[in-house]
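Labels for the chains are A, B, C, D, E, F and G, by order of writing; each one numbers its residues from 1.
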Amino acid sequence: MIGNLPFVACAVLIILGLYTLIFKRNLIKIVIGLNLVQCGVNLFLITLGYKSDSIAPIYTMAGKEEMVLPTPQALTLTSIVIGLATTALILSFAILIYKHYKTADASKVRRLRG
Amino acid sequence: MIEEIIQIVVLLIIIVTAIMAVSFKDLLAAVISLAATSLLLSLEFYILQAPDVAIAEAGIGAALTTAIFILAIKGTVREEEI
Amino acid sequence: MKSALITAVAAFVLYLILTVGTGNILLWSSAEIIAGVFLSIVAGIFGRKLLFKNEDYRMLDPVRWLYFIAYLGPFLFAMAKANIDVAYRVITGRINPGIVKISPNLKTDFGITMLGNSITLTPGTLSVEIDEKTNDLYIHWINVKHKEPEIEEICNGFPKWIRRIAE
Amino acid sequence: MKKYVALAALLVVSGFFLLSAIEMHSFGSPAEEDMDRYFIENAQEETSTNNVVTSIVFDYRGFDTLGEATVLFTAVVGVSLLFRRLRK
Amino acid sequence: MMSKIVRTITNILYSSILIFGFYIIMHGHLTPGGGFQGGAVVASGIALVLIAYGYDTAKDWIKKSNLSILESIGGLAFIGVAFLGIGTTFFYNFLANSGTLFGNPTVIGINPGDLNTAGVLPLMSWAVGLKVLAGLGSIILLMAYGIKKGDEK
Amino acid sequence: MIETFFIVAIFLLIFMIFGVIRIVLGPTAPDRVVGLDTINTLVIAVMIILGAAYDEVIYIDVAIVYALLSFVGTLYIAKYLEGDLE
Amino acid sequence: MIDTVIYIFLAVGVFFNGLGSFGLIRFPDVYTRLHASTKCTTFGSIFTSLGVITYGFYHWHVDSASYGVLAIHAFIALLALVITNPTGAHAIARAAHRSGVYPKRAVVDKLKEKGDLSD
């Protein structure tokens, strides 16, 4: 019934992020697009390792059952923290650019440079 | 079967809020939509049997990402000038 | 020093509740208890300036906690009444809103916080603004009967309870 | 003109994304890797850890975490240097 | 500075958030959690204090210099523990199942209560937890500082 | 019993759609924040329910983290709306 | 017997949650929407969580000890929810009034008459 809907959702999130990155010119909006791409990638990694009718990769009960694949989860864990750190760095650049040029529009900033 | 219905609803809400985050001209509204997206993304991780990632996304997506974006909007402008 | 110690004890109680059912010393294992003592001392040192900011230790009296538990009864009853009231208003759409002012004459921060949150959760009222100096509350009332209301009309007798608990 | 080229490129890329999402292996039955099976079967005995994800993050693939720590440190230093100009 | 109700609730919640974050770091090898998650939770607590009291008051309670020292300690401890296992390989878990410190085998179950397990994993978890909480907390304090300085000009 | 928990979760998710509608429609920014706050509460309720449905104790920790931290974001947005964020 | 109690708790919780979400659509302005959403969803979440807590304690008695941990952790989550939710509502209402959104169809507005309150 569900088919490949989760993969399609990841693709839609990444496409929305790419659209924002290409066509929007506000700096904060560009960072929002970057964040959406990151959300899509995280969801894709988790979805890739999901196995139906299985439990989380934590040994709690005595009997061993099927577990979902643990490696994508470990990669996603580092990816989330890195994403927050880079987002903060880019937003700091945006604040400084606004203070310097008095505009948050990327194309205007490019024009003012020369 | 029932779990699949839950996943379908959650994924549809995620896509709707992501579209809203892209299309709002008011950046504050876009950030609110982004917060809702990451909120429901955490629920989706929870359903996909990844509680570790769900805790990380809950702590970072719910509180810190919203906080950093709000601080950045305060440092720049609220309206998207197009 | 005293505030750090009390904060550490509160944190230790929370830690014990979180790790219940792990071993044999009552309900906890020895490793959990040792780790809990260390961690709650650290939490007490870092959180000491916040929990007892005004050096006000009157909430340590156990009688006040008994009153607090007894207060939950009328509070839950008022909360159920509130929800039926809101149900009526959601279905009929009959509202008559306004923002009114009351002066509950509570002195402590904890008391006014408890009153504000209780008011938010009970019938037809929502605390909007608080006057920092005189502790007056400005309340959004969904069904205004008088423009200068009595305290009893809004608070269901909560201030009496809270005066016993927090003052 | 430039805009239309960008739009066409976006459409092509999104078409690829959607096609590969549909043609992916079906949801809920991943291709089993030897590495994952090894982690699930041996992590509990080798590192005496109940949580397999933690054992991968801090033990089997510790270099990833080292890189992550480096990136975090760089980001903090970057933010700190950017705002130090304002102190004056 | 927000209203008195928000400030009082912050006072109550801050120590709870601290001890809960420490609980998550401590039990990272038994239940869901670990260094990243607990560090993020404690950093959110710092963000809560910052928003409730404003930058001027919060910077007296949470010193940025202390946070940078914590971050350095975390990073050095992480690399140091990794170097200790270099007799076999970098990042070798030399304490697991050795019978000494952190050397007991883990019992399968929900939080079995024996914390003296899992080898170097708890040490690394604490190192990464300190690093993440100090890093994210100082990022948010620095951004608040940048906004404030920008308004004065 | 387990089936009942799943059905309750589906109901709560459907109510979440109302919150999303409020985020989409809301004429002013405070309306949108109200929608976000409602979604927060419902997500916590769904997490507790699903934790019981999967019979996994460890999952409830996620709900505790969310309940403690979800209002930090709300507070930031509220303080921005007040206009004196420093 | 105990199943009936849990069903009743869950049904009451779902009813009030639905009512709160429906009021979010139906009411005209921010403050009345806050009334609906805060009161009803908090009350409904209390009841759904009470269902889970009852389930946990009952199975603690019958089956195994891990269900008791489930009940206790659910109780802590519920406590945090009850503490934080009205505070968030208060912050939103205050921010809305300060940002110039006044209640619609109001008979009286003492706060607007008083003017700006300085901290």
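Here are a few things to note about the model shown:
The rule we apply is simple: a contact is a pair of C-beta atoms (placed from the backbone, for glycine too) under 8 Å apart; a residue touches a chain by one contact, two chains touch by 3 or more.
This structure is a prediction, so every number in the text was calculated from the model and none was measured.
When chain centres are set by their Cα atoms, the one at the greatest distance from subunit C is D. Ranked by the number of C-beta pairs in contact, the top chain pair here is F-G. Our note on geometry: subunit B versus subunit C, Cα centroid distance of 30 Å, whole angstroms. Centres computed as Cα averages put subunit A at a distance of 21 Å from subunit F.
If you average the Cα atoms of subunit B and of subunit F, the two centres end up 11 Å apart. Subunit E has its Cα centroid 23 Å from the Cα centroid of subunit A. Residue positions of subunit G touching 2 or more other chains: 20, 22, 34, 38, 42, 66, 69, 73, 76, 80, 83-84, 87, 89-91, 94, 119.
Of all residues in subunit E, those touching 2 or more other chains are 2-3, 5-6, 9, 12-13, 16, 20, 24, 31-34, 36-37, 40-41, 44, 47-48, 51, 108-112, 132, 135-136, 139-140, 142-144, 146-147, 150, listed in ascending order.
Shared contact sites, meaning residues of subunit A that touch two or more other chains, fall at 2, 5-6, 19, 47, 50, 55-56, 58-60, 73, 77-78, 80-81, 84-85, 88, 91-92, 95, 99.
Those residues of subunit C that touch subunit G in the shared complex are 17-18, 20-21, 79-80, 82-83, 86-87, 89-90, 93, 95-101, 116-117, 120-121, 124, 126-129, 131-132, 138, 140, 142, 144, 147. Those residues of subunit B that touch subunit E in the complex are listed here as 51-52, 54-56, 59-60, 62-64, 67-68, 71-72, 74-75.
Those residues of subunit B that touch subunit A in the complex are listed here as 1, 4, 7-8, 11, 14-15, 18-19, 21-22, 27, 30-31, 34, 37-38, 41, 44-45, 48-53, 56-57, 60, 64-65, 68-69, 71-73, 75-77, 80-82. If you check the complex, the residues on subunit A that touch subunit F are 55-56, 58, 60.
Those residues of subunit E that touch subunit G in the shared complex are 1-3, 5-6, 9, 12-13, 16, 110-111.
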